[in-house]
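Taking it in order: structure first as structure tokens, then the write-up.
The letters A, B, C, D, E, F, G and H name the chains in turn, as written, and every chain counts its residues from 1.
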Amino acid sequence: MTTQNLENMQVVYQHPESLLDINTHYCPGCTHGVAHRLVAEVIDEMGLRDNSIGVASVGCSVFTYNYFDFDFVQAPHGRAPAMATGIKRVHPDKVVLTYQGDGDMISIGTGEIIHAAARGENITVIFINNSNYGMTGGQMAPTTLPGQKTTSSPKGRDVEQVGFPIRSCELLATLDGAGYIARRSLHDPKNIRLAKKAIRTAFETQVRGLGFSMVELLSTCPTNWHLSPTKAIKWLEDNMIPYYPLGDYKVHPALKDLKF
Amino acid sequence: MQNETLFAGFGGQGVLFAGKVLAHAALELGMEVTWFPSYGPEMRGGTANCTVIFSDEEIGSPQVLNPTSVIAMNQPSLDKYEDQVQKDGYLIVDSSMTNREVTRKDIHAICLPATEIAESIGQKRLANIVLLGALIRISNYFGQAELENALKKSLEGKKEDLIASNITALQRGFDYGS
Amino acid sequence: MPLTGTIVVDENLCKACELCILNCPVQVIALDKSHITPRGFHPAALYKEGCTGCGTCAVVCPEAAITVYREKRPEKESKA
Amino acid sequence: MSRELWKGNEAIAEAAVRAGLQAYFGYPITPQTEALEYLSARLPELGRVFLQAESELGAINMVYGAACAGARTMTTTSSPGTSLMMEGLSYIAGTEVPMVLVDVVRGGPGLGNIAPAQGDYNQMVHGGGHGDYHPIVLAPASIQETIDTVYEMFDIADKYRTIGVVMVDGSIGQMMEPVTLPPMKEVRKIWPDWSASAAQGKRERNVLTSIYLDPKEEEITNLRLMKTWQQIEKNEVRYKEYFMDDAKFAVVGFGSAGRVALSAVRAARAEGIPVGLFRPISLNPFPRQKILEYTSKLSGFFVVEMNSGMMLDDVILASQSRIPVEYYGRMGGVMPFPDEILREIRLLHTNGWKTEGHPRDRWLAKLETIVKEEM
Amino acid sequence: MSRELWKGNEAIAEAAVRAGLQAYFGYPITPQTEALEYLSARLPELGRVFLQAESELGAINMVYGAACAGARTMTTTSSPGTSLMMEGLSYIAGTEVPMVLVDVVRGGPGLGNIAPAQGDYNQMVHGGGHGDYHPIVLAPASIQETIDTVYEMFDIADKYRTIGVVMVDGSIGQMMEPVTLPPMKEVRKIWPDWSASAAQGKRERNVLTSIYLDPKEEEITNLRLMKTWQQIEKNEVRYKEYFMDDAKFAVVGFGSAGRVALSAVRAARAEGIPVGLFRPISLNPFPRQKILEYTSKLSGFFVVEMNSGMMLDDVILASQSRIPVEYYGRMGGVMPFPDEILREIRLLHTNGWKTEGHPRDRWLAKLETIVKEEM
Amino acid sequence: MTTQNLENMQVVYQHPESLLDINTHYCPGCTHGVAHRLVAEVIDEMGLRDNSIGVASVGCSVFTYNYFDFDFVQAPHGRAPAMATGIKRVHPDKVVLTYQGDGDMISIGTGEIIHAAARGENITVIFINNSNYGMTGGQMAPTTLPGQKTTSSPKGRDVEQVGFPIRSCELLATLDGAGYIARRSLHDPKNIRLAKKAIRTAFETQVRGLGFSMVELLSTCPTNWHLSPTKAIKWLEDNMIPYYPLGDYKVHPALKDLKF
Amino acid sequence: MQNETLFAGFGGQGVLFAGKVLAHAALELGMEVTWFPSYGPEMRGGTANCTVIFSDEEIGSPQVLNPTSVIAMNQPSLDKYEDQVQKDGYLIVDSSMTNREVTRKDIHAICLPATEIAESIGQKRLANIVLLGALIRISNYFGQAELENALKKSLEGKKEDLIASNITALQRGFDYGS
Amino acid sequence: MPLTGTIVVDENLCKACELCILNCPVQVIALDKSHITPRGFHPAALYKEGCTGCGTCAVVCPEAAITVYREKRPEKESKA
């Protein structure tokens, strides 16, 4: 091992303030962790920490509230957008975010997310699409890819029986209330940097009162995909990105000027 | 007559599987059996344990405060369960994963470097079976043949290829137990 | 000539997922088999010279375990 | 103070407004809808939060959010709507945040009908949601009493950080009575120190959750909830008595069944029958002690409800089966007439009490013929 | 017949398959998920219907549809999921179509945890949905008993056209025991004459609904439901007794609490304490009569549950308070050890029965210290 | 009054067979009735009556089952697509339809309809959009037009507070499982004839197993709009059609050949 | 002292409003009052009714089997409620909408062509108030002034312009009742 | 010359919504004030000659109350 002396060195990257310095319960290599870090970095950069209220959902991220250093509540499965609505309406001057998985947001929580978006509810949704129900052990989700094997689609997702995966960005972007809708991926440094920009844009959307904002983040689930973290990254890139095209699906005109 | 064995260790050490083997052995002898695992997502990465009870009558509680035997595969398990073993009961410890001796004198204890032994036969993950072998030998719950038979049952189907190595591991445990 | 830098991995956080290793452009990170973290992992660490302090490893680290340092440069040069 | 004619649902809404309601979320359903409609005009004009949710599921979780946010919050609904709120209610109970729910009960089960009924008793009183929790359930019988109950319920819910349910039936929601409205309270300006209202650097961050993965931690929470419940049982028992001082036996009925019974009891008294009326207002906590005390001076209890005999079991339980209990009820949205109850009172007075079998079975045998006759 | 080691959740699923399950709809939730996963492979290979719903709300209404369509249908879930099914269950009860629900109970309220618990007792037994209805609730204690119960439940549900709930806790879902599986039944080929299966010109059209706008019609439906329930109370009471013939007092516990109690009772017997175990299997209908009979030969009942004392009230009610009742329970997913129950049995044996106050209050005082000690 | 003799006359239009000859509970001029007639006519023409199972929803059409002469069930508010799924999966050879209002389908029932469509559930949904909650007395629905006064939007729908109306066809058409999605109007003879063609196409979609089919019908609610039936027709034409463009939003390729 | 008046007729005949006027009258005199309507969507187009009870003590049941007075505005209502009127009670019938006399002799009955009368003063929809006037006159529940006052209260705000015509209608009923 | 036809309105179903009147291209329908249906409506009816049997009224009738008749024509002509 190389040892180093740090004088005459400047810190160029470090653990974000809004992220508590504790060990997460996430599996090794799970990109939920990357998403957490990016959100924390944006909250830090925008100086929102003391002004934010988070809504955790039910999924592997159920304990999000243990990691972010600001007020947090924990919602019933799928209902985070409804809880966030209740909070935001009471505290319109605060920043309210939900952090939801794909099963949570676009399976059981479909009604709540669609109506939050339709109302133009001024909240930010961080949406982790890992193509399965991670926490319960890897069952099929509405996002599970055609043919993808899960514990509840043992022969692979049969589109004849259960239909094709739902593309959430495309769906929500049809609603007038949506101010910013974007899909990014967490599989490599370039895309992670783009993901952070999108998250920043989403919070800017809320701060400027431009309506509902949601960033879908393609994320890995090494454990239930039964792949090593590095292989999982590759699987995401090869299989998810073709089905879930990255990009902006709705950008409020008033955001066009944003630069960072 | 009822026997309770608690298997405890890290997730991934094969704690639950070892328990199933013991359960199968009892089943084959027509006994009543319960195999009671710790379960759920929070087990991920953390510690795992299971309790196997066999008896010749309807089994009541599937978990007990003071089991007749404990197999401890790591330090936390040893620290947590040593005191709980019944008097005159058995405590089998993987000394490769722990850093102290068993202190109690009123129980039958064996500390063996199960992980090293397993590595020596080329499969680190067989430490659980090595320990089980040792337990069976000193406890005489069952004969070696019955255990081998149970191993076969437990590995039937997909894992057939593993039978041989498992049986070797069991043998090593047995030898050590004697 | 590239900036020179270094990284410090918080061993309480590292889970040995190897994503930093995969992504380090100069391939100077490896798991340190020589010891085990409290959580039972061989943590990532620099194993040779050459870190440019580019920060890529920190960007991909799911545990936010990496702090990246880079050599200070006199103002005007850094503009170049 | 001036008395005005108010429709029940609107009076409920105005009482909540005056109690300092800050955020209302609801979904239309007969016979409750006028409360939502009233607030859709009233709250915005006061600069407070009104939002029609996409469903009762949405509504209860918006309320959950608003409650965590520290606001005085409420929803109103009716039977099928309450069923959809059960998960949310269980979470709210587990998170120990205060809220008020008004259930204007209709005929069920299923879609049923919109007529007055009391078939939600078990769902509300014995906990329709999963897990161990106990909502406070108050059942007023007149619009004035309803107003006063709603008004006070916000304070009670805050005091114990619990769910306060006001359960009335469709008739109370739909009828008009003269009422005196309570004074308008200031709305809360400072958020509770436990609320998720953004730390603002002024305090430690707050986390509000109902998950305790370690059973022992969950058990400590359950224990805390139960101790709070014991306090509630001690402090919040409510009931009203009529002609009880010299009563030889008593009718027991809550809400509208209770007030229908009052007419019958008055008529019986006019005939010289020594009957009284005991009207529980707090269904949870139930006036156990009081009922038990009465067993020493009464010959029996005659329970009257607009369901299949739900409070009946609680009366028997509270009475420790020391004196006989008889039952009469109508179901499915049928509201009994005083005459029916008077008829039963007369029978008890002349023929005395039966004890073989269960009162519910005796009643069902009787009801079958009654229903046939009414056809 | 051969005995095999089966995991509870998978055994439940296979038992349903053998009972002729034609259509399963469910949603993943620990500690029940293995049942859904098992069926996702098993049913399609048999050409039967498996569908993972978008939610428990979706699942119960798909089941509702399949039940109306005349199929043998089932869903499995756990506590928070059951709460989301309450509206659907109330509709199903009101429509009088048969279905089977398996609730693998976990710690609550709210999100709680996934450990074994019995906190859904009130929700299931006393009706968590709105309106007047009574589901059959059976609570087996071993995997074999669970299999047999699920297998039979389909026939029972069909017989009465009602909801059949099998309520177990997470430990039964997750553990393995040797079982003998029942024989495979033929799946139904002819649709019931009442079903919505398309008239095909062969019969009058069928309409299945739970709405009866006219209260009198709804009441007739309620009455029909109650009469069916009386039949069920007569025919479907189930329980198991241990050491009861010569018992001087009895532990009463269901499901896992019951089997934990069994270990304690055996130990107590070994010490010469004349205690027996009465284990209700049918929680609804509750073995009222049997409990009452025992009051004449026992000195008291000692109720043990994994909740805050829910069946406790039903035992007191059934016993008509004729003999003392004591309670011990653990909450929030904590499973008691036999030793704890044995300790309480010894105390009762030596110190006799307390009667002042409510058993629940006596227990809570005790539990507080126990929890502290265990910290 | 002119009296007529009918000999040498042929019937060119009459009460459809599948529609029972009884008085409906609908208010005078409510076009729910027109929708009923069209569905019945199509069922008759396709000879599906004995092979159909209907699912009534909760709304003014809750009693649909009293008017159609085939098997019917009545679903909880918003859950008709889930019940229809249960029925269709058990009877894949039968024709299963739901009849839902806008509050039922796209407010409380959002999750169920989206997932039925996403699964490509082979059912037909008749969707009555009358821009309010008729049965409960005219509250705001997700379809209520901006500025439209209802009993729960007394000052008119405020899009700042509750967002813009949801366009269901546009939303559902984004889902791969949708075989046929169309919007029609019931306000005049021409459009009623077009509506019938769309309903016919929807049932053809189901019969051919081409997936989920839904026909949205713009419909009047004279009672809660507080307009006479004839004025209501005009209001629909002037206000709803501009916001809810008529047309086909998704047509399965295999339907292109359809002629009638 | 408690009085119960049942108003019954077709939806749209102003049954509920007439009840409110009576309720207001009682309120103004400081009495206890309940106004209990049939309600809900199924009322649409069908029949409507409401019961108004006033008393000097807390009111029990808001609906009664045998009201002290009934105002029947159509045939079905007359047929359904005639028998239910209390002995010596009052039955006021709109003969424009019914086709038979009152048969009971043990009650005070008035049949008046309220709808025609109302039309004669230019507003068909005021038949309800005409009938109310007649009831008040023979029952003497209240004085005319109190009723007029109650009418004003009930029409306060949006409907002020209707007060005059309503008072005329009331007057006509009164005249008829005498 | 237009086909001549006629309509029969089922008075048990008609609710006098006037949609048929609004849409009849030759305006030959009116509400029959002369009598009232069991449901209390003045039903629609032809009030003068000229019905072509075009069926439009039936198409718009929410109550499916209208049966439309049209004069039979000899085959070949009808082709024309």
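Note that in this section a contact is a pair of C-beta atoms (placed from the backbone, for glycine too) under 8 Å apart; a residue touches a chain by one contact, two chains touch by 3 or more.
Keep in mind that what you see is a predicted model, and the values were worked out from it rather than measured.
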Shared touching partners of chain A and chain D are E, F
Contact steps required, at the very least, to link chain E with chain H come to 2
Interface with most residue-pair contacts lies between D-E
When centres are defined as mean Cα positions, the distance from chain A to chain F in whole Å is 37
Cα centre of chain C to Cα centre of chain G, whole Å, reads 88
Per the C-alpha centroid definition, the whole-Å distance linking chain A and chain B comes out as 42
Note: chain D residues in touch with at least two other chains are 30, 51, 54-55, 57, 80, 87, 91, 95, 110-111, 114-115, 209-211, 213, 335
Chain C touches at least 2 other chains through residues 39
Within chain G, the set of residues that touch 2 or more other chains is 41-42, 45
In their shared complex, chain D is touched by residues of chain A numbered 50-53, 55-56, 62, 65-66, 69-76, 79, 82-87, 89-91, 94-95, 111-112, 114-115
Chain C residues touching chain A in their complex are 5-6, 8, 10, 12-13, 15-19, 22-23, 32, 34, 39, 41, 45-49, 53, 55-56, 58-72
Residue positions on chain D within touch of chain F in the complex are 27-30, 33, 36-37, 40-41, 44, 51-52, 54-57, 80, 110-111
Listed in rising order, the residues of chain E that touch chain B in the complex are 3-5, 30-31, 114-115, 142, 170-171, 174-178, 256, 259-264, 266, 335, 337-339
Chain F contacts chain H in the complex at 1-2, 4, 6, 8-16, 19, 21, 23-24, 26-34, 36-37, 40, 188-189, 192-193, 222, 228-230, 233
